[in-house]
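Dropping the structures in below, format is structure tokens.
Each of the two complexes below includes subunit A, the first together with subunit B, the second together with subunit C.
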Partner chain A sequence: MDRTIRVLVAKPGLDGHDRGAKVIARALRDAGMEVIYTGLRQTPEQIVSAAIQEDADVIAMSILSGAHNHLFPRVMELLREKKVDDVLVLGGGVIPDDDIPGLKAAGIAEIFTPGSPTPAIIEFIKNNLKRKA
Partner chain B sequence: MDDPAELARRARGGDARAIARLISMIEREDPARLAVLKLLHAWTGRAHVVGITGPPGAGKSTLADKIVSELRGRGRRVAVVAVDPSSPFTGGAILGDRIRMMRHATDEGVFIRSLATRGHLGGLSRATAETVRVLDAAGYDDVIIETVGVGQSEVDVVRLADTVVLVSVPGLGDDIQAIKAGVMEIGDVFCVNKADRDGSERVLREIKSMLENAVLNGAATRFTPLYDAMACMGAASGENAGAEDAVPDDEAHRSFFRQRAPSAADGGSGHHGGTLPGYGSLAIPPVLATVAETGEGVKALVDAVKAHEAALALTGMLATRRRDNLAWELGKALAGRILARLEDDGRRTAVAGLAGSVMDRQTDFYDALDALERMLGSRQP
Partner chain C sequence: MSDNIKKAADAYESGVEKSLGKFPERKKEFTTVSKVPVKRLYTPLDLASGDYLRDIGFPGEYPYTRGVQNTMYRGRFWTMRQYAGFSTAEESNKRYKFLLQQGTTGLSVAFDLPTQIGYDSDHPLSQGEVGKVGVAIDSLADMEILFDGIPLDKVSTSMTINAPASVLLAMYIAVAEKQGVSPDKLEGTIQNDILKEYVARGTYIFPPEPSMRLITDIFAYCSRNVPNWNTISISGYHIREAGSTASQEVAFTIADGVAYVEAAVKAGLDVDAFAPRLSFFFNAHNDLFEEVAKFRAARRVWAKLMKERFGAKNPKSLMLRFHTQTGGSTLTAQQPDNNIVRVAIQTLAAVLGGTQSLHTNSKDEALALPTEDSVRIALRTQQIVAYESGAADTVDPLAGSYYVESMTDRIQAEAEAYIAKIDAMGGAVKAIERGYVQQEIQDASYAYQMDVESGERVVVGMNKFQVKEGSPKGLLRVDPIVGEQQAKKLKDLKSRRDNARVEAALAAVKAAAGGEGNLMPPILEAVRAYATLGEICDVLRSVFGEYQQKVIL
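Coming up: the complex of A and B.
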């Protein structure tokens, strides 16, 4: 049975750049995944609800605006509220090293900062899916 | 959630996670989905299924977004199934239709799902059909299917719809895009989007004149009752557009339309017993200009889509259309089963053997075909 990995790629917050997110989206597609691209300026509520409807295995978010300490944990909180515990959540963007432990404690599985090689992201997803592949 | 009855119950209650899980089972052709779909079947057939098709970039997703808003304003629950192609090389896909519709993400009355075509050939229409049925059973009043209008499998998808909106745009060249002969077999409502751009008047004119020619030369006679009924609602284009005063909506006229509607008995070919007094039958389907980006013209488009649904019901053609579509779907599903049986390990060798003897001119093609049918047990020796 073919079990295609579905990844919701989202840009929460107010920053207006999504080139990085698009590069990731393309790399994931080329690795055989289905990428649901949701565009710029999404609220955590929109992201979680879209991820549920799309039955995403992974939520990959990127933030450049500095609001990650608020927005990433908020997404985790909403997932918990909706009793979704089998989605792998990844963060990316400009994120200071000091913030990473806190974000991981909040439930973000891994943080990829600019320059993270895309093969590493793909490997991480394949090895850490919370659902049976 | 793995119990079929529980999953069916939750999907029917509109539980987004259950619906989403079920659609994933459909997508990966999980045999466990069948028990759930069987349970849901009794609750299907209520939604108005609307197909939106046209070339890439025509503004279909933007239009769908605005149509959802309009329908929500009318108090309807709406689902969107957006189909995009998978990469033939990697099997992956970037599904971007949702970008245009994110404003509806947190609206409980809206469910949006992106589907990739994946490997399934005829399977695309199967997966889409099953998805539409789940959303129908879940209580969405309107289910919109967005699909790119290129290639046979995408065109097939519109056979799942009650009403098909064919979207075109100015500036795609002189050959009036994919809109060619037989177009009335595909489109019920014609939309020229990006009407803010130069050349949209010309595209509107070209589509209208093409439709008028089809009506005049009889290529569309089986649709005449439908177009006339739409004209009565003020929803048709062409010479008699807006002639709603000419035909009052009373029982006499309703029965007139019923009489003229192709009946199941004559195989849908129709009989056309004259025209209504004071009313020609030169009505053509609605051809409308929209600017999806601003929402201009979308209300009229939704009116036309709903008029088409009403006209289908009024003429009795809704039942005919759904029955024809289901017959087609059954045929496709059966063909799929037969192909799967031929793929069986034991049979694959036999098929290869027969193909070899056709190639060596020991058997002719048709004897080989008969032999295959006998092998599958579907033909008497």
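Coming up: the complex of A and C.
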């Protein structure tokens, strides 16, 4: 692989539970990726503009408050508005199974729920990048 | 005597070493959940430097290692207090009445995130969050509905509210006034612990300095007007949930406590006027004996500090009284019924550790907010430990255990070392601003995760003993319509209320924020005038500014 994979780890919405986001960020970094973590309380607008600015290959979002059905699709909508179609977008957190098909239909490539091991996430990113690294 | 024991212990160890070739132990090294080595056997030799009267003593007596009351649960069980709240005030009011009818003995209010961060339900940032993790409260009108039919002189109420704690406390006082209950009859707690928000929980609004002032204003106001109210619940729970070890939980919580006491003393309060109303909040994790030791050590560390550093005289100022919640992050989304067993063990830890009140998590909380059925099982778990296990029938039953006492000593020593380090940095506020506390917690959290992933640490049903499962059924869902309902209520309220009175009250809050006076009286007046939470917090934001998170990776 020639280029380092760049990942924006983001916390959309108002919840302050970022243990998971930080563990993922660190595991991705240990796997050789370049990781930018946004910190808490990011709006979909802020996330999309950070992803563009940082030239991210991947956006990995984490929500534990239950606002995922509102915020995840909104990020996809904004990416489309900005004509960004080559960024892999992932979601994680406390997300009921019933919500996953809808989120995938909105364009989220995969949802990782509690108990997901970090190697599975790393593998998924490596195998599903939209831009060739 | 101890020479004889030493000789016999040496003989035992060499005997074991000989048989290990044939009967090896399960692992090379045994450790607690916090990664502290655990020896094969503990004996009186591990307590050789201890002094019973100095270090352990009697319940209800300094240094309170054995508990804060002299008869503990022989007098009265801990308060069984289930944290609850979701959707609208009407829905949550129904849940509270259900819980009271099921035998809970205190209420504990969960607010939604917009409320916790001081935004009204119609704020753009509230979109998608209204009523999700707790109840949406925008004004006194919602609070009146939340406690409708619940006499506030008969229940004690804990409110998990931090940055805007003054406003929610004012609303509670105002509801009580309408019920004809005077503030000196009110019992309960506000969390009001901003420092752990910066490191672990995330619902901050203002920067540290004005936040500390809001907190000390509450201490001062309540000591005169709401004397039975716990003005703060200094919280290790979220620090532990963020991934800290047991010793870090004690250390960082008590370091935060020291910062609050220092701030209040600096603001001119007498330590014995406010310290008796300080309370604490800890996690009950899976490692039973380490947890019991943690609670015992925390009491001893706090008592010593209050006596020696702050010169507190009132025994109540020295007592670390605490609420416990079982550890949410220990629950698995896989095979959720197993969580009932985890919660039962954690309940036992809290009770053997001498908690004053307890929330037990429900089995489905790694998946969603709990349903009524799973909340009932969680409450029954406490009732079974209380009424059937016998654990509550003698005070501090694990005292004198070589293992538990030596672990209590160790946690005390580790916590005191951390506190000394934080003191050297200039105290908890400075250590948090530097990112030190956050970094320590993250390192522990990452190490734990790696141990789980390597299989070194077994989580039953998750990384071992897995089964194929279908999607869980019957999870609680919050109707997204709640956001619209709240927005409509707000619009109605603003057209009905006396807006001139609101304007004047908000101007008074602003003036007080810019000056030196206590903020509680003008906030109470604004609340009575039905100013909204968002309006009051916006005024405070305009004077205090907002906290910018220090992002640490």
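Remarks
We adopt the following convention: the second predicted complex is superposed on the first by the 132 of 133 C-alpha atoms of A that agree within 3 Å, B and C clash if a C-alpha of one lies under 4 Å from a C-alpha of the other, contacts with A are read in each partner's own complex, and residues count from 1 in each chain.
Keep this in mind: contacts are C-beta pairs under 8 Å (C-beta built on N, C-alpha and C of every residue); 3 or more make two chains touch, one makes a residue touch a chain.
Please read all numbers here as calculations on a predicted model, not as lab measurements.
When the shared chain is aligned, subunit B and subunit C each come close enough to touch A:Ala25.
Of the two partner chains placed by superposition, only subunit C is touched by A:Asp15; subunit B is not. Within the superposed three-chain model, A:Thr113 lies in touch with subunit C and out of touch with subunit B [touch as defined at top]. Contact with subunit B, but none with subunit C, is seen for A:Thr4 once the two complexes are overlaid on the shared chain. In the superposition on chain A, contact of A:Asp55 is made with subunit B only, not with subunit C. Of the two partner chains, subunit B and subunit C are each touched by A:Val35. Subunit A uses residues 25-26, 29, 35, 37-39, 43 to touch subunit B in one structure and subunit C in the other. Here subunit B touches subunit A in the complex through residues 16-17, 19-21, 23-24, 27-30, 86-87, 90-96, 98-99, 102, 105-106, 111-114, 116, 118-119, going by the rule given at the top. Subunit A makes touch with subunit B in their complex at residues 1-4, 6, 25-26, 28-39, 42-43, 45-47, 49-50, 52-55, 82, 84.
By the touch criterion given at the top, residues 13-19, 22-23, 25-27, 29, 35, 37-41, 43, 65-67, 69-71, 94, 96-98, 113-115, 117-119 of subunit A touch subunit C in their complex.
Interface of subunit C with subunit A (complex): residues 113-114, 116-117, 125-129, 132-133, 197, 200-203, 241-243, 329, 332-334, 366-369, 442, 445-446, 449, 453, 462-463, 471-472, 475, 477-478, 480, 549, 551, 553.
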